[in-house]
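To start, the structure itself, in structure tokens.
Naming follows writing order (A, B, C and D), and every chain is counted from residue 1.
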Amino acid sequence: MKKIEKKLQIAVFGASGYAGGELLRLLHLHPEVAVTLVTSEKSAGKPVDSVFPHLTAYNQMAFERIDFTSGQADRADLFFLALPHKTAQKTAAFLFNKGKCVIDLSADFRLRNPAVYEKWYQTPHTERAILKKTVYGLPELYRSKIRRAKLVANPGCYPTGAVLGLIPALRKSLVEPENLVIDSKSGVSGAGRAGRQELIFSEISGGFKAYSLAVHRHTPEIEQEISAVSGRDITLDFTPHLVPMNRGILTTIYARLTDTKMTLKEIHTVYRRAYAKEPFVKVLPLGQYPSTKNVQGTNFCHVGLQVNPRTDRLLVVTAIDNLTKGAAGQALQNMNIMMGYEEMTGINSMAVFP
Amino acid sequence: MKKIEKKLQIAVFGASGYAGGELLRLLHLHPEVAVTLVTSEKSAGKPVDSVFPHLTAYNQMAFERIDFTSGQADRADLFFLALPHKTAQKTAAFLFNKGKCVIDLSADFRLRNPAVYEKWYQTPHTERAILKKTVYGLPELYRSKIRRAKLVANPGCYPTGAVLGLIPALRKSLVEPENLVIDSKSGVSGAGRAGRQELIFSEISGGFKAYSLAVHRHTPEIEQEISAVSGRDITLDFTPHLVPMNRGILTTIYARLTDTKMTLKEIHTVYRRAYAKEPFVKVLPLGQYPSTKNVQGTNFCHVGLQVNPRTDRLLVVTAIDNLTKGAAGQALQNMNIMMGYEEMTGINSMAVFP
Amino acid sequence: MKKIEKKLQIAVFGASGYAGGELLRLLHLHPEVAVTLVTSEKSAGKPVDSVFPHLTAYNQMAFERIDFTSGQADRADLFFLALPHKTAQKTAAFLFNKGKCVIDLSADFRLRNPAVYEKWYQTPHTERAILKKTVYGLPELYRSKIRRAKLVANPGCYPTGAVLGLIPALRKSLVEPENLVIDSKSGVSGAGRAGRQELIFSEISGGFKAYSLAVHRHTPEIEQEISAVSGRDITLDFTPHLVPMNRGILTTIYARLTDTKMTLKEIHTVYRRAYAKEPFVKVLPLGQYPSTKNVQGTNFCHVGLQVNPRTDRLLVVTAIDNLTKGAAGQALQNMNIMMGYEEMTGINSMAVFP
Amino acid sequence: MKKIEKKLQIAVFGASGYAGGELLRLLHLHPEVAVTLVTSEKSAGKPVDSVFPHLTAYNQMAFERIDFTSGQADRADLFFLALPHKTAQKTAAFLFNKGKCVIDLSADFRLRNPAVYEKWYQTPHTERAILKKTVYGLPELYRSKIRRAKLVANPGCYPTGAVLGLIPALRKSLVEPENLVIDSKSGVSGAGRAGRQELIFSEISGGFKAYSLAVHRHTPEIEQEISAVSGRDITLDFTPHLVPMNRGILTTIYARLTDTKMTLKEIHTVYRRAYAKEPFVKVLPLGQYPSTKNVQGTNFCHVGLQVNPRTDRLLVVTAIDNLTKGAAGQALQNMNIMMGYEEMTGINSMAVFP
């Protein structure tokens, strides 16, 4: 009893989707926390393990509907919001104003400029005051701010893989931030758990396609962080694709070298140094390229590098798990930073391979 | 330093195959042990993470060739052998005679009758004295013997799923042990990591087939344990199939009811009670059937039950991960039992889903 | 122009599902027919190639709603009904009474005893008079009747694979028709094209499960034909499973030998002779077993045989494509027989492999 | 007998690989030809259907070793060479000099400049005289030359998808040929049928990766044709990726617009007109993008278009089947053109979907 009281109490809102399920899986492995509240509008009243039969450790817990009149805000210290965008805004604001720690996995607080949010998401942003106090939760860029944050906007899956691939090169001005081509390929879990015809197995398996060309909503988020790192206003091409696999995002980045005499080996050294102390970013040895398979279920980001001397471009390939480093794992990493836990606690597993 | 010295020192022989890789993944999550030696004949000299890029935590360790003249036997307290059958015999014997703890994942010590081994594996058994001292490492049957064992024969993947599906029914004589039909379906990792044409992606993906009809070597192992539980000499039909997925075994069992008035509900209660204290066997609620997806990467066995009143048969379906409960996870469970650790230590993860 | 007028005019009802799409694909390859009408309640008004982008040859045709008041019955000579069961009854009856040829892919006219239909499908059978005139469309059993039929009940996918595996053995009384175990594994397209959560890629891929244990509606259909061939009333165990692949059904059959001195070679000869003139059933050489991959997209059924001398059981494995020999392909085969075309016309393709 | 004599006699060299198997599958559907000779060094002496169990129609034919001393050159009119590069050179030359028609699926005669071949393939080109007489077999570019050719170099799979995506834009100078980024994703059959560890199912399934960054041998072939169409010497970035699916290549192309006032609709019209008479290239309606699933097993190329007004880039996505339009299907298309058959003969099937 005493032990449980000392644990950090955690609520997961919107816990019946894939990111929610991944949060529950990872939180179970974290020794300092206890999940005390899980919500789902669709599955309210159902036991967690009837919706996620793999989550056997939660067999005594049922989903509830969000209802702050019943004192839900008092039932946890830290709230993960895995709610749809738009829905998250008010919930996050309410909890933030109550003094709670909030890690929001939706898109609602990722874009610092609310006008950009309103344009791309076609919905008003009603919590601008709170937006200003939000920290974008990419630890590799904002760790010290996250440490002091009360509301963290957990990055999108595609932006995580894209931005991590460019930080070292942009910081050292090795490449031009203009004219970037970012070609990403995601597993199907990124499309969510709703039963839509286009997502059923027979429609996906054995095929590969592009989608949302030139209009994907993660574009402004990537541009925001690339602009922030490079100190210029950047627009870029970002194309997502759907891979017939469950998890993972591979991102292939094409960037013009600023100095064509720069060697691959020198660039590799820049990347290695930039990420030397990062617990979750692994710059692969020269000649090796990442596969999503090697990071599945983990919070790692693998980075591979190549130079094309015939076109003077730097090619960067990154691999993450969209549900882990691209969502729930990074959310736990942010929690660990906010709470002062060792950063890898609960998320130190290596990939389940094969 | 001191901490490491206190940890149990572990060697993994034959660590470059899938079961070996799974052992390394799981051992990394175990707080009481440290891997001090890994061998691979094919990959000797190579860093572990060049052979398994996902095993980033082993980036300072390289595979060695087995060579007892160099004092390898002294470099660990407990040895996992993930070697091919036949090769394991002498290695296990040598280590056993040195007083080491050995958990052998090969087939060499599973069959208590060496004549049966020699018939099905077409190779002599040269370590009959040691075979007598071996314990068959199915904790649900032999936990107390495992506790005192020095050499544990880790069960085969198919036998694990098959036997766990029948123990409660046979112990209570709910079904006839004769005339059993055991129809199993395995993921492809069960076929190993060697580059064989019949295993390449294009040959497997999108297809399903049966193999080794009536002649699979796990047949006598299943028969041995079914005979042991039921107290009669049993032969049965066992058919393995290959599923286009990486991990998992689903086993569908058809058994004649001894008492046709027995209800499904009563049988379900028998199973629930039989496995009530088993940390890794979950009897699903009535109406639910297992999927390999819900146990992938875990040491759990899920069990579903149905009765066909039109044919008076009990239908049992079990799901395990062939590399975890069917190999490396069960090996760690056996280690935990042998060493007196809490039985779920290091193997308490839930499935990576989806 | 003249050529088109001479072609048999074909309507496909319920053409926006997978069996409907397969019918359209195959009919396009048939030189003697022209599709003149396609219906879909859900997609009425939409061009065929917006619903099935692969069916580029139908880019001038749109789906219509079923509406017999508009003279649809006059727009074709032969009607394929790929409608849900229950819906098909009245539509088939109306067309039959109009003197049209009907091949019904639903379950509505497969069970000769309407009471059995009503029990398993929980809906009344309102067309009993017509049911009596229906022929069960398994050419290997009823070719001569199909030749003279006006209404053919196209067999279910599982029954096709199961029954073809047993006909030669039952006809020659090589096995007991009692105590059969039929363990089938199907690709996901068998579950249809509706957007249901349990069918989405992430829920299916990487996993394997059983479903509908002891209660699947194809059971009485299999029993009906096994009873007809063996001349006894048979009940049996049939268990379907879901394989993470698009197409194909593999069926593993366990049957007790009546004469334990019968050799595998003799049984193989019986099967070879029984199917020698069948254009679509291939009995594989001894030692070879079928894979669904080798029949995908085709109307073939591959059959493999083994005897387990330790249990005196015959093991039969059959592979078909559930959408082709298990649905649309067999429907075209029936059409060819009814119309007097060469039986392989339009369905002579071999599998797309890999 | 007489009928067979009138058919064009066909030999397939290197017929036990995937492209060879696809040739045999398609040739069987072609009414004007008869396969009279198939070779395979590895499988010499084996029946075709033991190596490809799906090719049941070839059950009376066995693979032979290539041996021109035995008169093999006289046993066919047209030879498809599905041999490894380097091996094909001399074989093609020998047959060409005998006056035979040759369609070479290897890379040996694709690059018009032998120095480029020797640099990228690291092997001498010994048949330069014949190279000059070779026609590059992309019908959409060279149909009239193919009509008169005796030796056709069948294009590589990646170049086919890449070049078809750019021809209309480059011909009308809608985009700059410089600075192209071509990001391609291929199914696994492109890697061949050899049993290599990196290709086994467990290594591939569930993962996605890039390979051969900046060094893939199809790069100079793409550059050659892009240069030919645009009339300038072009270098470009081409990156191949491996998708966990059997067949298909999706190519995403990023090209700078020359005139930023050009609308998507206008560009779409240019593409529609350019390909209006092409039997195998389908420009999809605006708003639709191709999927490899819709072309699998077919000779079609689907093309989708988008403009990114924020970056002034044209985005083109093409989908082909790597074994059909990317290899064997295009080879038959070339044969049809060379022989004066209707161009779709034998390759008019639509995709097997799902």
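Descriptive notes on the structure:
Keep this in mind: contacts are C-beta pairs under 8 Å (C-beta built on N, C-alpha and C of every residue); 3 or more make two chains touch, one makes a residue touch a chain.
Because the structure is a prediction, the values reported are computed rather than measured.
For the interfaces A-D and A-C, the C-beta contact count is higher for A-D. A centroid comparison over C-alpha atoms places B as the chain most distant from subunit D. Separating the centre of subunit A from that of subunit B, both taken as means of CA atoms, is a distance of 36 Å. One simple way to say how far apart two chains are is to compare their mean CA positions; for subunit B and subunit D this gives 46 Å. Taking each chain's centre as the average of its CA atoms, subunit A and subunit D sit 39 Å apart. As a whole-number value, the distance joining the C-alpha centres of subunit A and subunit C reads 46 Å. Those residues of subunit D in touch with two or more other chains are numbered 18, 187, 189, 202-203, 205-206, 244-247, 291, 293-294, 296, 354.
Subunit A meets subunit D in the complex at residues 179, 181, 183, 185, 187, 202-203, 205-211, 213-214, 235-237, 239, 241, 243-248, 250, 252, 254, 289-294, 296, 304, 306-311, 313, 315, 317, 319, 354. Subunit C meets subunit D in the complex at residues 18, 21, 25, 28-29, 52-57, 189, 205-206, 246-247, 282, 284, 288, 291, 293-298, 300, 302, 348-354. Residues 18, 187-189, 193-206, 244-246 of subunit C are the ones that touch subunit A when the two sit in their complex.
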